C-alpha cells in the first residue's frame, strides 16, 4: 500500500491530495476485524510504504514517479494497492502492470465514464483516464459499473470498446464469471457511491449505489485474480462530518482482506 | 427558466434565496447529456431569463412580480420553469397559469403538506401555499407525494380536498393515468428527498424518498401535459459539501429534457 | 424525559454533551403530530425534567447522579426516557431499573457491539457499556441489532451471552415475539443509522440501516413492555446541516408516542 | 431585555433571526463579573422578557409589535434593551421612546451609514433605518461612528443632517461632552467591528474597529443618560467558531452593567 | 481586469482557482463608492474581460495563455489588472509587461519571500515566483513588504538582490519616493494580511499586517506609475464566513480607483 | 516535546485532544527558519517523544501518566515541552518539576484566571489549574498575563497570592527583571490571544492580545531560565480555516528556538 496524493488535473473541486493523510489518521479508529468476512487484517502482511512526494504542477513527472513505484512493487513480488489522489493516477499503475500481465483487464467502479479523448485540450486528465487505459489494455478489457455521467459520445464509444454498465451493479456477477482467471486491476473511484454516503469528492453525482452494494461488489471482485488495485477521489475537506473518510477506510480494509486471503 | 430568489416567509432556516445563483454556478460542472433519457439538453431551446430582482421584506409585491413574469412567459407561448426560492413562489405561478388553463391540476412533491390556513397569523406563507393553491384550483386537483409532516388538521382536511399520498410514491403511476391530458403544474419541493440526499434545506425531515425514486417520478410526470413547473427550497448554505445543489441541478436537467421532448 | 449530557469516555470525537440542548432547540420546529402512528404527542403527559448538571472529568460521580435520577423517576411511577450523551449513560439507568424489574431485558440498536471488557485499561467506557450491562442482566437478556463493528473477541463472546444480530434488523420481529411481556429497556445508539442519514456522531460506521427501518423498529419495539429508554450518541457539532439532530428529534417523538400510548 | 428575531429586509445573507437564541445559549459560559468595570451583573436587576414571536414575511406587523413592546417597557419605568435581529428593529424602538423623550438623540455604531431613502424600492429596510430614525429625531440628533460604507449620496446627505464620523472613534469623547444630559438611544450594529473579530454578520466590511475599542466606547457611552439600547446584526450561522456570539454576549454584559450602575 | 483561476503548483491547500468567481459574486454587495478616496468606481472605465479558461495540469500552457492575454491588453493601451489564482500567475504578467517597459520594477506584498530557486524540484512554483520575476527585472527592482516566512537562504539571497522589508510596512513611504516615476507592477498576495483578517488562503502565516495598513499602502502605491497589477491567493473555500472574499473585493476596488484616477 | 491529548474536564466545547495531532500534521508546512530570531530550529536537537496514550474518562490516571513522563524527561537532563490538551495538564508537569527546582515560578499567559478552588464540585479542572499550581509553588510565584475573565473572587484572591496582570502585557518586561534567574515554567494558554487570531479554542474571550504581542513576549520570556513549558487549549475542530493551528505551530517554533539557544 502506498499513497499518491495527486490532484493536478481536477477541474472542479481539488483536494484529493489530502486523502492518503486523512485515511491514515482515521484508520486508527477503525477495527481491523471485518464482521463481513469474519477475518482480521492483522492476520496478513500489509506493508504501508508511505506517500509518494509528488511535484505540484508537473503532471508528467508525477505520473512517471507513480509508474516507477508500481513497477518496483511488482518486481518485489507484491501487489500494489494505491490510495489516490485523483483518478488519473490509475493510468501509470495500469501501464506498469501491463508489462508483466499481458491479459490484464480492468474492473472500474465510477460515477463517470472517464472516456473522453481530451479534456479542455489535455489528453492526460481525470476525465480521460479510462480512454488512456484502453489504449494500453485494448478492447473488451474494461468493465465499468455505476456509470451515470458523461458525454453522449462517451456512452456511444463505450458500446464498441468497453463493457459499460449504466447506473447499477446488475450485470456484475455475470461479468465476474466471464473474467474468470484473467489478471485484474481494480480501480474504485469512490464517487460511484451516492453522494449521501460519500459527499467528500470533487464532482458529486446524485443517484449512486449504496455503501452496502459497493462493499459486496468489491469483496466479490477481490476474489478474482487481482494483481493491483486503487481507491481514488476522496476529497476530505469537502466533508466536515468525516463520513467520506470513514467509507474510504472501510472499503480499503475489506478490499485488502479479500485480496490477501485469496493469495 | 427563471429564478425567484425569495425566502421571506421561511420560519426556521432562511437561505433559499441563494439557490438560483448556486444552481447557475454549479451547472457548468454538469453534463448536458442524460444517460437516463438518452437525450441531450442541448438539443432543445431552453432560454434562461435570469433572476427576478425581488424586494426584501415586502411579500405581496414579490408575489405580484412573480405572477407578472409567469403571465408574460405564458403569453409568449413558452412553458415557465421557475427555480425558487421558498415554496410560496408556487402560488403566484399557479394563479397566472390558471387564467389560461381552466382544468389545471397540480402535482406536488414535498415532505410537508403545506395545507395550513394560516401560519403565525399570516395567510401567505411557505406553510400555507398549497391551501392557497387549492383556493384557485379547487377540490380534486392537487396530487401530493412523499408527505410526512404536518398538523393532524392538515391530514384530515386533505382527505376531503386533495389526493395526499403519505410517505412514498406508491400510488403515483395509478394517479398519472387518472390525470391523463389535464394541464399540469409540477411543483417539486426538494425536501421530499431524504435529508441524507438533500441536507441543504430549511426544514429537513428524515424518512424521505431517494434521489433515484424522485428522478423516476419527475421524468414520468413530465410526460404529462405540463404547462408550468418549479423546483424549490434548496438552501445551499446549509450544505457545505454541495451535494444538495448537485441534486437540484440534475433534477432540473431531467425535468427540462422530459418536458421539452414531449412538445 | 431528562438529558444526560455526558461524553467523558469518548475516545474519537467528543461532543455528545451538546445533544440534549440541540434537541430541545430544534424540537420546536418539529410537529407534535405523527403521521406514522396517526397520533399526537400533545395527547400525552410527557414531562421534561431538564438536563442533569454533571461534573466534567469525574466519570463515577456522573454515573451515580444518573442512577439516582432514574431511581427517583421510577419511584414516582414514571417511565424514564434519557437523552444522552454518550452510550455509557445507559449503564447506570439499567442498574437502577434492574432493582425494580428482575426480568429486565435490553433491546439495543447500535453499530458497535460495545462488549469489550475494558478499553485502554478502563472498565467504564462507551466501548464496554453492554458488557457492564450484561453483568447486571445476565445471559440471554440483551438483543443487539445493526452491529457492524467490533473486535473478533466481542463477536465470539456474544455468541454465548447475547443475541447479537449483525448488520440488519432481519431477525427483529421474531425476537419481539420471544421477548413477549418481559420488562424492556430500549437503548438506541443512533449510530446504528447509516452515516448518510446520521453524520453527526462520534464514530461513523458506513453500512448502517435507513431512517425508515429504524423508525419501524423502534415503533414496534415500543409496543413491548418498555420500562425505560434512551437515545444516545448524537454529536451535533459534526453535522452543520442539522439532519442528525432532526433524525434524533423524530426518533424521540415516535418512541415517546409509542411508549405512552401502550400505557 | 428582550429579543427581536427579525431579519426580513436583509438583502445579502439572512440569519440575524438566530441571534437572540444563540446569545441566550452561550451566555451561560460567560462570567457575570466584569473585570473591566470591576462590577457584577448579578448585583443588578436585569429582567429577560424573552423573544417576541414575530410573523415571517410581514414587515409592518413585526415593527408594530416591537413598538408596542418598547412602549410597554417604558410605561413600566424600565429601560428597554433589545437584542436583534437586523438593524431595522431600531426604528420602532426609537419611535416609541421619542413619545416620552422629546430631546432624544441616537448614538449609532455601524459599518454602514444606513441613510438611504429607499432600498430596492422599499422605504423600510436595514439600509434605510437611520434615515427613518432621522425623520423622527430630526437634524443634529444622530451621532454615527465607524461608518465605512455607503453611497456617495449618503455621505453627502449626512454632512447636513447627522454627525457622521468616518472609520474610527476619534471624535467620540468630544461628542460625549456635547451630548451631556440629553436622553440617548444607543444602537450598536456589531458589524462596526472588524470582520476578523466579528465574522458572523450579514455584510462584513473589512477595516473596522477592534473589540477593545468598541468596549471602551460603549462603556463610556452608557455613562450618558441612556433611555434605551439595542445590539443588532449578529448572524451566528456564518461563524462556526462562535467568536461572534461571544463578542455579542460580552458587549451586552458590559453595556448592561454600565447602564444599570448609572441609575 | 481579468481572472486567472490557476492553482496548479499550490503545495498545501489548493483552491485559489475559485477566487475570481467568488469575487465577482460578492462584488454586487459592495458599494462602488470609496469613502477612503471619496471617489466612485463608476466614474471610471473598468472593463471586465472575464476569466481565462486555463487547462488543468499543464502549468506551462496556462502561463503562456496568461502571458498572451496580458500582452494583448497592453497592446490595446489598457492597464492589465489580474485576479488570481495562485501567485505563479504574476510571472507571465511581468514577462509580458517587461517587453514594453524596460525600467519595470515590482512592488510585492506577501507573507512569503517566494525567492526559492526551485520547490520540490520544480522551477515554476508559487514558492519560486519572485525568483523567476527577478530573472526578468534584475537586481534592485523588487520591493517586498510584510515578508515573515521563508528559508534562511531566501532571506540571505534577498540582501543582495531585492529590497526585502521584513514583517511590516515601515520603510514603505521612503521606498515610494525612491521608485519615483519608474513603471511599476503591483503584486498583492493577500496572505500578507494577518490570518485573522484573511483566513481564506493556502498557507496562513500569523503575524501579518492589518487590513487598514494594507489599504493605506496599496492606495499610496497606486499613486505611482502603475502599468499592471494583480491580487492573488484568495482561496475562498477555506473561509466559510466570507470575510476573506470581502477583503479581496475591497482591496481591488481601492486599487482600481487609485490606478484609474492617476491616469 | 511530547503531546498530552487530554480534554476530560473541559466544560464548554471539548476538542483540545486533537491539538497534538493537528500540530504535527501542519508543521510540515511551516519553515523551520525564524526570521524573528534569525535562527533555525534545525540547528538544535529537539526530540519529539510522540503523544501519551491517555485513558478517557479517568482524570487522575491521566494526570499521573503526565507527571511520570515529565519526571523521566527531567531525569534525562532534558527540558520538557508539552503540547496540550486542556490546561489541567500543566498541573502534573509543575508537580514533577517542583521536586527538582525548589524556587520554581510560573509564567502564565491566559484569558482566564483559572484560580477557582473548585468547579462544579471538582477540584481538578481546567478552571482550577492555577489554584492547584499555587498549592505547589506558593505565594509570589505565579505571574499571570492577559487575564480578562473570572469570578470576582478569583481577582480578589489573586491580589494576595499571585501577580495577576489584567488584559495586557504592560507590566511584562518589568516582571522579567524581577524573575531574574529563578527557574521558570512557561504555560501558554493560547486563548490569551484575541479570538480573531485564535478562534479554535474551547472558550473564546474577545479582547485578547495580538499574535505579534504574544510572539514578542514568549521569545523574551524564553530568555529566562526556562526548565519546562507547555502550549495548551488549541481545539482545532472549531476553526475550519486552520489559522489557529498555524498560530500554535509558530508559537511552538519560536519558543523552542528561544529556549534551546539560551542553553
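Each chain gets a letter, A, B, C, D, E and F, in the order it is written, and its residues are counted from 1.
Here is the rule we go by: a residue touches a chain if its C-beta (ideal position, glycine included) is under 8 Å from a C-beta of that chain, and two chains touch if they have at least 3 such contacts.
Treat the numbers as computed from the prediction; the structure is a model and nothing was measured.
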Would you say B-D or B-E is joined by more C-beta pairs in contact?
B-D
Can you spot which option in A-C, C-D or C-F is basically D-E again, with over half of the contact pairs the same by residue number?
A-C
Rounded to the nearest Å, the gap separating the Cα centres of chain E and chain F is 38
From the mean C-alpha coordinate of chain A to that of chain E, what's the distance rounded to whole Å?
39
Report, in whole Å, the distance between the mean C-alpha point of chain C and the mean C-alpha point of chain E.
56
Chain A and chain F, separation of their C-alpha mean positions in angstrom
45
Mind pulling the residue numbers of chain F that touch at least two other chains?
11, 13, 194, 196-197, 240
Please output the residues of chain D touching chain B within their complex, sorted ascending.
7-11, 13-15, 17, 53, 55-59, 61, 88, 119-122, 124-125, 237
Sites on chain D touched by chain C in the complex
21, 25, 240
Chain B partner contacts - residues on chain A that touch it in the complex
11-13, 147-152, 155, 166-167, 194-197, 199-200, 203-207, 238-240
Chain E residues touching chain D in their complex are 29-31, 33, 35-36, 38, 40, 194, 196-197, 211-212, 215, 240-243, 246-247, 250
